[in-house]
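To keep things simple, chains are lettered A, B and C as they appear, and every chain counts its residues starting from 1.
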Amino acid sequence: MFESKFIGRNVSKVKICDQSFGAESFLSGTHTSQTFVSADNEIILWSVGVEQSEEDVEEPTMSKSSSISHVGDVMGLDYKGGIAAAASSNGSVSMYKLDKMSSSTGLEPLHSWSALHSFKSGRKCPCTDLCIEDNIATCGEDGSIHILDMTRPTPVRSLVSCDSCTLNSIIWVSPQSVAVVNTSGQLKVFDIRQSGTQPIQKFILSSADFSSLNCLDKHPSQHHLVATGSYNGVLGIYDLRQDGVPVTILEGHSGNSISDIKFHCRSPDMLFTSAYDGTVWQWNGGKPHQGAGDSGEQSVWFLADAVKHRIEVSELTSLYTQAGSMSGYPVNCLDVCNNMSTGRM
Amino acid sequence: MDVQSDTPQQHSAMLGPNNKLILCNNSTEGSGELLFKEVNLRPEYDNQFVRNLVNEMSCVFIANQRSPDCPMTVEEVLHYSRSYRAVIKESMQHVQRALMTEDAASADLLDDLMRTLVVSESAWNLMEIIFFQEPQGGELALQLLKWLSIHIDDCRVMMEEVMKEDPVHHHHNYWPAVYGCLLQGKTEGVMELLVASNNTSKSCRVLMSVLSKMPVYQAAGMAVNEYEGKWRMWREELKQMLSQGVFADDDKMAQMAKILSGDLDSILSAVEELSAPWYSYLMAAIFYTQPYAKFHQVQGSIEGAVHRCGGIKSFDTHDSLIYHILRRNLVELMKCCSEEFSSWWFAAHLADVFHQANLLQEKNSLDTTMRDSLLLEYGGSLMQDHRLWNVGIHYLLQCPKYGRYHLQEYLARLPLASTRQALKVLSVCETHGFTQQASSICRVMARREMREDRLGSALTWCRHGKDGNMATIVAEKFLDQYRESVMLPSVDVLDALGPTMLLMSKKLLFLVKLREFHQLVDTGEEKEACSLLVALIKSRTAPARYWFLLILELLPMLESSKVLFTPDEIYDLMNAVTELKQSKSEEMMNELEVSRIQTLHLSLTRCLAKVTLSDSNALVAISCDV
Amino acid sequence: MMSVMQTIDTAHDDMIHDAQMDYFGIKLATCSSDRAIRVFDVKQEQYTLQQELMGHEGPVWQLAWAHPKFGSILASCSYDKKVVIWKEINRKWSPIYEYKDHESSVNSVAWAPHEFGLLLACGSSDCSISLISSEDGEQWDSKRIQNAHSIGCNAVCWAPATSPVSLLETSADSRPELTKRLVSGGCDTFIKIWKEEDGEWVEDTKLEGHSDWVRDVAWAPATGLNRSQIASCSQDGRVIIWTNNGSTASWSSKELLKSNDVVWHASWSLTGNILAISGGDNKVTLWKEAIDGNWQCISDVSKSQDNEIKQVQG
């Protein structure tokens, strides 16, 4: 069961809102990929409903409930507890309040941090991703990380040029530490309380077979378990308690660039990846667990060999192509909850 | 002799990227303005509805590409064609909905788009009937009228209005509604209107009886010649009535009877009164003169209709399109589509439908099919739009001869706005084996990062592009910074550099070894560190201009109380220092350098002595020229 | 078909001779009789002056952008007999090399396809063509084709590097060795094609068809097949399209246009599907090769009537 819609724009990011707002909503951001900062972008709030079709089957529907224009491409988008934040290609970050009571706006701009990310020359560069926990963590092409307190106008902690390459994505792995991935194939963990700009942990996907790491996600209950997706279609599983190299490496998407990766929040033995070849893969690490989290046993993702044999992969986008829509175009992003949404082009 | 100053070049026009024409506009007074003109060969992709249409149509296109070995069956072609039409129809609904809410400013644009969509859809529909359904005798006339009534439905609208009035025949549109129905062969509608008017005249009664007796062709259960016979008898009777003056007392009834009997003048005047298009006349004429006809039998009627309706010169785009479809003239049809329509999507997709149906096989002087050249134009226009280039790729890839070349050129010119965008374009290039473009993208990005002093990132791009020459340039920048600060920047990248890169650039190899040396020193493995550095100098992996600095780095180790060098290593260093000194003449060296070299020599000598003493087995002759 | 987007005032004090967009269309360079070169940043439809480059001592005739993989590099040529190569470093432009060996006005400059590295061809009124090259952008070497055109060379243009045959192959590794070729036009009414053989430049073909000075030559971008096309325009008012079908050495010619005035300039679009011709009669015409192989004028713009756009049926 799925519903698709062309919105006449290139969708760069999607983010499903959590229960606090109603799981039936999600956000999307657009990009134009021009060399100048374009104001022709927007963040859209969608609501997902169910409609009875003629054959009395429940069909999901989605409709635009509100939108707000955004300066620059939306590079990253996150949502938590009624607050949404977007990372822009002009190096700034803006924060919004989602208000379902006010039917007129729905997305209310709260605060923005302009020109957070820039090169030494002063030229602004894209803020590539962000992640909301208590604070907002951002990363950029300048290799810097900023930690933003939602109530303060300037970053509370900045790790300027802590990486020599472009940082592609960032997540919180504990209340004090963030994990980032970069274009030279490294995963790094930084403790934001420590002074200095050295990572506390460093992982290389594979030094022989170098490839940019495009995205990462953490296991919803075991936060030391992190998965990354690479430019050459490799899925890496890391145990942050062991330094150096990934625990498991799995190849997918026929070697095409993976654009996004997400664990299923309820059944974390399942994870999803999307790729520029237009496919979405579901990686099934074991029997789906019922209920939240798993039992504290060693996670299936760490049992390297076992996993390889037990993992079932299914291509979800075959669904789409059957329906005759959305074939062959890059899938830019995905988000998984009980429902799933993807954005293309 | 001077070539140009006598007649200065006044006029130049350059075609820039994205078909932008730049004109140098030199007025007589000299000083210049530049004029930019967009050579607008692309449709209005700024319109969101157009972009949606383009996206949706591309999905139909991609899903229906076949290899030439297994062409589509007629059913498949019809299904393919109808999928496009469904997309156009859906788009019409979206635009219609928007038209109800949009403000007046954008309403004009939407109106234009709506018109284009309406024309495209109706032409497409007729094309399906004529080319793929190929209706048989008896069916053809009915199909044409059915098509007509779907696309020109004002007589239905009028009829509904008229029927609301009491009495109906007082409505100003009563007769237009009657004639409208008649011209579209809707005899039931005509009857309904006549009955409602309570016209009790004799001619009206007779006409109604004629109408009710008119034979109707039914595909099942009636042979065409049987139908033709019945129809001819019916018409003979009607003609007799007309010649007997049965309808003489009522002009309207008389005209209707004449139309029914196939009198072309009467049909034409009714069409003109209603300002209906030429094909409305044609289809009525076919229905009332040869309703049993097959396609090839109506060709004369078509030419006749064109002639009677003012000739082809008086036709607008839609009229000509319909004409070429009815004449089954594919070449003219495609020409008309591509010349008159502002948007390539129509012509390109239509051409592909014909291609899949095996109807477009002719070659032209460029040794490419019409379908290919239309796809190239369309794909090219998409490639030049920053939002739709992903869509364009699929069209270019379907052109076997030129597609890949065009794709390369367009890909190379996509703006690389961000790392993400660059990686995306790169992955497209790599997927399709465009190695030249891929390495060019990596090099452009490496240059850009270098300009922003992001050396690590620049090196990563060199690594991605396996570009040894560029890596050497970047490595030199690293070493420049090392010479200035004795610190290496971006060590995280150097540490992660794989072995393959090092084979491509000697400079890079040196750089990485230098980093290794620093790491060994940091971890306290001083002996290994020293051997490494000496080896670098001896093998000349380290360029001579860095020797001085490198030996200076060794100074603490030379002075250390520990024995960290072998005598051979010290000799190697001594030779290096000597060579350095010889390469520079005395006066070239400043005092600092002279004293430094002396210090080095001293240290080396002391160290050698220390090493020799600690190793009694070694017999070493100490001879130094300090 | 064509619409005026905008007019920008370059603020040159004298006549503009050339205006060139860079590879991605994000920079514009102009040059003028006022001896200056002006470089503009292009953002959306905004043109902001980045820098004025002074260095020539006479009118600057023509400009050429190098491929961005070499960095931001611009070449200019002038009546002052000099060719200057400029480079942008830290947002500042400065000359990195001056070539002063020509004995008369240098009329045309063109960078070779990037596959051949940094290689610039220059045509001069001293009858010669020079070829300036560099490995690293620091050390520059030069070669000369003496007496290329008697009385003077007016225009030079490179052949695309893509060997047509290799385009059809999916594997790019098996590219055959490419030959460097360039075309020049001169006051001797001839068009000449030159190629490099064993490091020496030799005349490959001479095309005779014009009756007066050849003003411009433009080699069409490769379109994927064996065919090569060159557009030439001349003082004699004619524009000729020269076609080589790839299987023989001969070139066939087709007259595109005959006007009563000088035709100054010919310029191809990216994929060679449109040809822009500008003439002395204040007219710019756009041409397209129709499916039947005939050339059609798809648009005709008079510069004096900026806003009036006329369409001509082909």
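Simple rule for what comes next: a residue touches a chain if its C-beta (ideal position, glycine included) is under 8 Å from a C-beta of that chain, and two chains touch if they have at least 3 such contacts.
A quick note: this is a predicted structure, and the numbers were derived from the prediction, not measured.
Comparing chain C-alpha centroids with the centroid of the full set of protein C-alpha atoms picks out B as the closest. By number of C-beta pairs in contact, B-C leads over the other of B-C and A-B.
The mean-CA centres of chain A and chain C are about 47 angstrom from one another, to the nearest whole unit. Chain A and chain B have centres, each the mean of its CA atoms, that are 28 Å apart.
Touching two or more other chains at once are residues 24, 26, 90 of chain C. Among the residues of chain A, those touching two or more other chains are numbered 35, 121. In chain B, the positions touching at least two other chains are 415-416, 451. For chain A in complex with chain B, the touching residues are 6-10, 32-35, 73, 75, 89, 119-121, 123, 125-126, 128, 141-143, 163-166, 168, 183-186, 202, 204, 207-210, 212, 214, 231, 256-257, 276-277, 321, 324-330, 345. Listed in rising order, the residues of chain B touching chain A in the complex are 48-49, 51-52, 55-56, 59-60, 62-63, 83, 386-387, 390-391, 394, 415-421, 423-424, 427-428, 431, 451-457, 460, 463-464, 489-493, 496-500.
Of all residues in chain B, only 1-5, 7-26, 30-41, 364-367, 370, 373, 376-377, 380, 401-406, 409-410, 413, 415-416, 433-436, 440, 443-444, 447, 451, 473 touch chain C in the complex they form.
In the complex of the two chains, the chain C residues touching chain B come out as 1-21, 23-26, 28, 30, 32-33, 59, 61, 67-71, 79, 89-90, 104-105, 107, 114-115, 125, 136, 151-152, 154, 162, 167-168, 170-173, 187, 213, 221-225, 262, 264-265, 267-271, 273-274, 276-280, 282, 284, 286, 289, 291-293, 299, 301, 303, 306.
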